[in-house]
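The structures considered in this document are given below.
Same chain, two partners: chain A is paired with chain B first, then with chain C.
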Partner chain A sequence: MEKSRKEKYIGRRMPRRDALVKAQGRAKYTADYRTADMLWGKAVFSGMAHARILRVDAAKAEALPGVVCVMTAKDLPAAKKYGIFCADKPVIAENMILYEGDPIAFIAAETKEIAEEAAALIEAEYEALPVVEDPREALRDDVPPIHENHPVTGNAKVMAEVTLDRGDVDAAFAEADIILEDDFETPQIEHVYLEPDCCIARWVDDTDVLEIVAPQQAVYSTLRALAPVFGLPESRVRFISPYVGGGFGGKEDSCCDLAVIAGLLAMKTRRKVYSEFTAEEVFRYTGKRHGSYVHHRMAATKDGRVIGLDIDIILDKGAYQSMSGLTGGPHAVAQRTVLYAAGPYSVENVRIRSRAVFTNHPYGAAMRGFGAPQIHFAGESQMNELAHRLNMDPVAIRKLNMITPERPTSFGQVLTEENGLGLEECMDKVKAELDKPFMPKHPVRPSQRRGMGLAAYIYGTGMPYKSEGAMCVVHVNRDASVEVGISTTEMGQGAQTVMAQIAAEALGVPVETVNVPLPDTFLSPDSGPTVASRSTTFVGNAILDACRKLLAGFTEAVAHGVGCSPEEVTYAKGVFAAPDGQEIPLRRAIYMAATQAIPQSAVGIWYPPVDIGFGPKGGNSMHTYSFGCQGIDLLLDVETGEIELLRSVLACDIGHALNPQLVEGQMEGGAVMGLGYALTEGVEYKKGVVSNDSMKDYVILGFKDLPQMTSIIVEAANCMGPFGAKGVGEPPLVATAPAVREAIRNASDGVKLNRIPFTPERVITGIYKAKEGGQTS
Partner chain B sequence: MVMRLWVNGVEKEVQAEEDTMLIDLLRDRLHLTGTKKSCCSGECGACTVLVDGLPFRSCITPALVCEGRRVETIEGLGDAAHVHPIQQAFVDAGAVQCGFCTPGMILTAKALLEKNPEPTEEEIVEAMSGNFCRCTGYVKILDAVRSLVPYRPQEKEEKG
Partner chain C sequence: MKKFSLMRPQTLEEALTILRDAPDVLPLNGGTDLMVDVNEGKLISPRFMYIGGLPELKKIEVRDGTLCFGGAVTYTELGACPDISAFPCIGQALSNLASPPIRNMGTPAGNMGTASPAGDFNLILLALGAEADLVSAAGMRTVPLSEFYLGVGKTVREKSELIAEIRIPLVKGQHSAFVKLGRRRGQDISRVSSAVSYLLDEGRIRDPRIAIGAVNAVPFRSGTFEEIVSGKTPDEAEAALEGAFPAEANPRRAYKRYVVTPMVRRAIREAQAQEGDWQWS
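Entry: the complex of A and B
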């Protein structure tokens, strides 16, 4: 990629526009808007993961002075269930508790203390039911289904089943020189955004509108999911998302769980209501990355070509739909595990099945990577195993199998260089970096062994639906300053900054004059959810479209004004030039447009020009894909099982980097989150109730755990992206866990760990088992 | 009861009970919402403020502990017109993403640099290690703190 670009703002390390207000504590998050006159809204929970509700009595709670209202299931005004894909989660549980986060009552009180006291006065009786924690167990005939009457699946145990069946898998396995077969396991993961969920709701009496302020990733998804719960048309519910203190996929759903509490209480009391989850409640009640159980079979030739894959994936769905996807579509996490089951490789014969199975765990939600980290752990581990078996270089074997313009994806999508195919460059650069000499800063103990490993990934930009597109409104004021109306959330990724760069570049105006307000369903058009690493590409393209339309209008206005044809007018850096030499600044052109009935606002829209449609026989899924490679260098203490990270080298092909500083930020944050996934993280349960519900017990990595971090940006431009961009938010953590596994394997003379996190106990058990002659899994 | 303390250099008299935590006094009674509330159990560092120059977790610090003492919050460092060099360093290094950990990080860094203007790499990591960030991967936060060493706030303030 040529580096000398003609753009003024694109490709520059521009500091993010919200950095200073955040560094000065001036940035307002939802909780910062709370005032003393607000009621405290609180949900009451049963403390059980599976139970039949026999009785809920709120009389004593209602009688407590300072309690303004108590709601139980019978008091719900409209729809009793909600959900973004399907309405299956009870607003307030009536008969059944299916996981610990099912509330049995909502309370509004004058203070937090009174609300808590009232919660303790709610009397309830339950019949405890056997808790189902393992989705494989849930599928057994002797285990009753969790849902008796699910709105979509009835009493089925499988929420979503997605398959891919191509080529002749049995023939491939029959003629294979090598067959690898293994099981892999990953736990449920908490997002651990630092801002706990909270919500402010108020009934706006003079306009009969319910207004809800909450940290959200997708204001329009929240709106569509919850308007039926309030019994209001979508036009009379206003969702606003201020700055969001981290989301990572979780605040697509969790905001709904809070908004029903504050929203319904505000409607009922006609007062402002504030509601929050404590950090512990976030751990216990909100969605998680799906846990996974993968049975993986790989058929290969002795020269290293993968010719067949036969993979069965079982996902821990938890109690409700959230983001697993529906069997007939829309597809979501279950489908992504199928899509990426072959990794960034071209495999002709594949039989892949993924099932999201109900359990009594918190609902499996979206989390950074959306199914990809789980399936890459299995697939990339297996690819490394194949390299060991054949004594091949891990990069060489990947190059032999990778997707090329001639070798399509396992789902039959042909990708060309124009889509951006940067995997080879990523792998070469990671390997070159790992090959550089590096000495640990301290003396290595005799029990410490060094090991390195790498893994690769593929990750699509956007979602594989026909409805996947973006809309925006760009408005130019008379002084030529610009407002970009989008519903993209600012949750740390820097969307406002990048969108302003794009608009400023396209319109030729100073970036400081571009304003990108935060999402508000009354003011922002629906540019789609802030998910799927889609915003820069989809919303960015929509902004470009709007800017083009605006400039076309202004050009017409200028042409008419000076008496020439629009083709003769040129525009650069804020000035229109007419053929007679006249120069018309943008400001004047805008005024000319205003006098000629030419709009000063434009709706921009972008849908990828690709026929999208995934089915059991495959099909195009996303318009472009990001690729990357993660390298790990570590020390393993073979006596204690402790791992000390030395180096993390991550190369991401992200198309053209519109703002390299923001891209590096995503890469570094993703790598560390991926290292936590590999080494320490995982939700634990006792009888279905989350037992590690704090940062003391659920360990995320900190400063002291950091290895030397190298981020390498590879720019295989996406011809359809704005200025060549493609997605960057999620991919950086997709290949971390299998790279760590491989480094441990190499440090330990072949110990194979197939279950994350690699805690010292698991590592040491693996080492002992290997010594005894057996292998581990 | 009524307590007296200095917040960002200004003397304040506020109502506080024995179970009032410093964070609630700051956020709810003094409306200084720059101090962020996250884990609320002393584990993440987001709520860090300085008490007589030392980093304290305001979520587990009873307000009464600060009777007669100097409390410094993120609002005390700078404002739109006066950007503190540590704040500027965080902006320049790209150390801010969602921003929820940022005030606590900046105050922790300030306590370190004021005590030890030329910390080693190990000393920086040690001092910062109780503060967690889920967004940045810490790399650019370390870059920001390193860029301030040797720390000469006066000089830098004049420049900035």
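Entry: the complex of A and C
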């Protein structure tokens, strides 16, 4: 957007403030805080995915010299289960193993080696139970429920069921010219953050406080989830999150899995304890993106209008609740799949049901996109199919159906230009870019066919809960330098940078003088979790609110000092101007405030004006939505199924790019992650036990695989966002997989692949099946 | 507990004596296969003998019309040797084999020792008609690579023997290529691979060698395909192979059936443009 703006820092490309220290190796991550006197805390696992525990005997392990303590389920001091939304995950399994990551004991030893030796000495007997891997199978009557006594759902197989039923779906299908019906499947995938989970805990003896340092995305969620496990009030547990080496949603939960180990062992031994998961353990024990099975029916008219949707979504919940949502609320991933089931289109008649079903897999957790990638794979694939059926341009058919101020969302929310509606521009720009001539730099084999495809998305900023809002404290020192107190994690996305830009802009101070400390529950106010593409918008607005309050106070101080009314005082670029021509620099104004009982700290708060009516009546679930379009250009080898990516063109409507450099970072990283989801990734199991538990076997894309990447920023301002911003963290990967599917379809004369990842094996099998006449999946 | 013991002989002779006296000792070269086995618990408390630094196994030289390199030469060392320009397929294989850190440690001899059906360098050695010297305290024998592999992880190497030297004949006018199907480029195990070499005699293929990997229990040469392509131009050869399936191949996974021949045809085509370039005297 080539608008001339009056802002000094907003909209500017500013390097990340953590970039230099990270490049120089000076940035400290949790493991860097280890010291020699720490005990090694280790959890012991059964190696099974479903079993009844008959006996656990720790006597030999306890007797091993160097072992300081061993805990089994009977040694737990307080709550025996935990979880972010509901406490259903055993701290230490007592009777049942429901997935591979259920620990049977914790060990604290003087060294890692002793801890490992002790782990091998734990004796346990199990009765192996049949492992349930497929949630569709789990629903069958002859398969017993996974949970016998779940704290929320009892012995139900479905953790969360969310439905949306609006209009008259049966009538729509009855009068439709075209009905498309198909099944789509996406796997569980791992976040593959580079920093494996780890944790340092210590009992602070002189203040009776448990202090825990760990990479976390949501220090206050961890605090609320775990204080009951330690049997302490939240005020006596201190969670600190240093720099985080990537989270992607996973470090909302996984930090809890580590903090219970180190925390309980530190309380019991009164020593410092360090605990970590190896990369392999992260693959095996921590949460995954929910796998999905979608049955999708679409009703349309012959001129390309989608008039009805009938969709049944089954999510692989894994063993515990985590982020699936609870029936009745708080809703989470299951709800988002419903919310985004119609995509960025206005469809009047919808019947959508999403169920998160327990299996013996690792728990389905939050992961970048939170349900949207799964449902967009089905929905956008179907939209492309409709375009093919009608011989329509994929952009034209989308424009015909998209949400406009006159055409509300499927759940009844009316979005106006004020909310930022940038989809059309995104699609036009992607199409224009894809239409530009582009030749691969190397010779193309005769068996390689070119194909292009695109897909669009919608993604809300923030969470549709009543408690969704942000709080912060902005404090101005006497020298006019600023501290921004928030609990937003810095995990590489640039939160510290953009928050400093916002505060500096609002207060008219140099950005270098703004400090944004890392989260610490003893010092930072609760600005909410670092999730849901919410931070810049929600926390940014809270910071603006605090800055406004501070300036109002200082203006009052100045007015009182010079003897005029506050309305007569103006403020710009660090200087207050009084009507008599006097200029009072901010520093003096702060001193004046300090002498007049006017605070130099302000609590800022922002809650979006949403009225969550999620149901037949409809309602506005999120205050704004990001839109975007992903274009893919690839070569498909029709003899081997290999895919060579040529171009990825991604346009994201993000309201306003407060720092385009950071936005592009999110867009490129997101597109790469989306391409991995489409082409290579997926957790594989043998009897519920993860079999591709390393970077060697779990294939994410490497630089050699990446196409030329174009990131197009579209700015349809969100009138409620700080300087017009909306979220960009997750959206960039939401539409990648269906765009890749479409490009493959076009390169292969119509081979339809409905199951990601599109490995060479799946692609070539699909091509041969299509040749033999049958359709594929 | 991931423990192993390690011996460090200083000379080849010392190493061979250790192997003679303790046949359970495993030669440890770059360790890029063995250490994975240790980490994954497939090897419990093994006894290793590090041979990666033995000076006798580190030589690379051209001798008697062959490129000779020792059993401890790494991929990176081999890649830096200018004489590999005679074998374009080697450059292709190296750039797609694992990653620079693994290539800094890993060795062709280790690829032979592991004898994985998917081992990339095994194919190169087969397609280039290499032979290897196996030495033990009792003596030395020379084995052509086509007779080296017996099964998954099984070779003709006795436990007392070391792969001391690998030799590849330098053939003027030889064309060669290596192709690999994986899920990503680099850092991935081959799903199907092929290496070929041939001479072009007035544009017609002579002395072809067609090696196929990751399909059978052992990497193998397809005599039937070699016969089909002999005497044809590369274009004719490619056409002749269309729809054919190598009689020697016995894939367990159905999709490999689809992709074997296309990979061989690709290798034949790529080899056409890749003639070895060397200072022939």
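Just so it is clear, the second predicted complex is superposed on the first by the 772 of 777 C-alpha atoms of A that agree within 3 Å, B and C clash if a C-alpha of one lies under 4 Å from a C-alpha of the other, contacts with A are read in each partner's own complex, and residues count from 1 in each chain.
In this text, a contact is a pair of C-beta atoms (placed from the backbone, for glycine too) under 8 Å apart; a residue touches a chain by one contact, two chains touch by 3 or more.
What you see is a predicted model, and the numbers here were worked out from it, not measured in a lab.
If you put the two complexes together on chain A, you find that chain B and chain C both fit without a clash.
Of the two partner chains, chain C is the only one touched by A:E642; chain B is not.
Residue contacts after overlaying the shared chain place A:T416 against neither chain B nor chain C. Using the contact criterion defined above for the overlaid structures, shared-chain residue A:K704 touches chain B and also reaches chain C.
When the shared chain is aligned, chain B comes close enough to touch A:L194, but chain C does not. Once the two complexes are overlaid on the shared chain, A:R445 sits against chain C while remaining clear of chain B. Set side by side, chain B and chain C differ in how many residues of chain A they touch, and the one touching more is B. In the superposition on chain A, contact is made by A:T759 with chain C only, not with chain B. In the superposition on chain A, no contact is made by A:N155 with either chain B or chain C. This overlay, made by fitting chain A, leaves chain B and chain C with a least C-alpha separation of 5 Å.
Where the contact sets of chain A with chain B and with chain C meet, they give residues 696, 700, 702, 704.
Listed in rising order, the residues of chain B touching chain A in the complex are 27-28, 32-41, 43-44, 46, 73-75, 77-80, 83, 87, 90-92, 94, 96-103, 106, 125, 128-140, 142.
Listed in rising order, the residues of chain A touching chain B in the complex are 13, 15-16, 18-20, 22-29, 31-32, 36, 191-196, 243-246, 248, 278-279, 491-494, 661-662, 664-665, 667-673, 694-696, 700, 702-704, 706, 709, 711. Chain C contributes residues 1, 36, 181, 183-188, 191-192, 253-255, 258-259, 262-263, 266, 269 to its touches with chain A in the complex.
Those residues of chain A that touch chain C in the shared complex are 113, 116-117, 120, 445, 447, 637, 639-642, 679-680, 696, 699-702, 704-705, 759-761, 764-765, 768.
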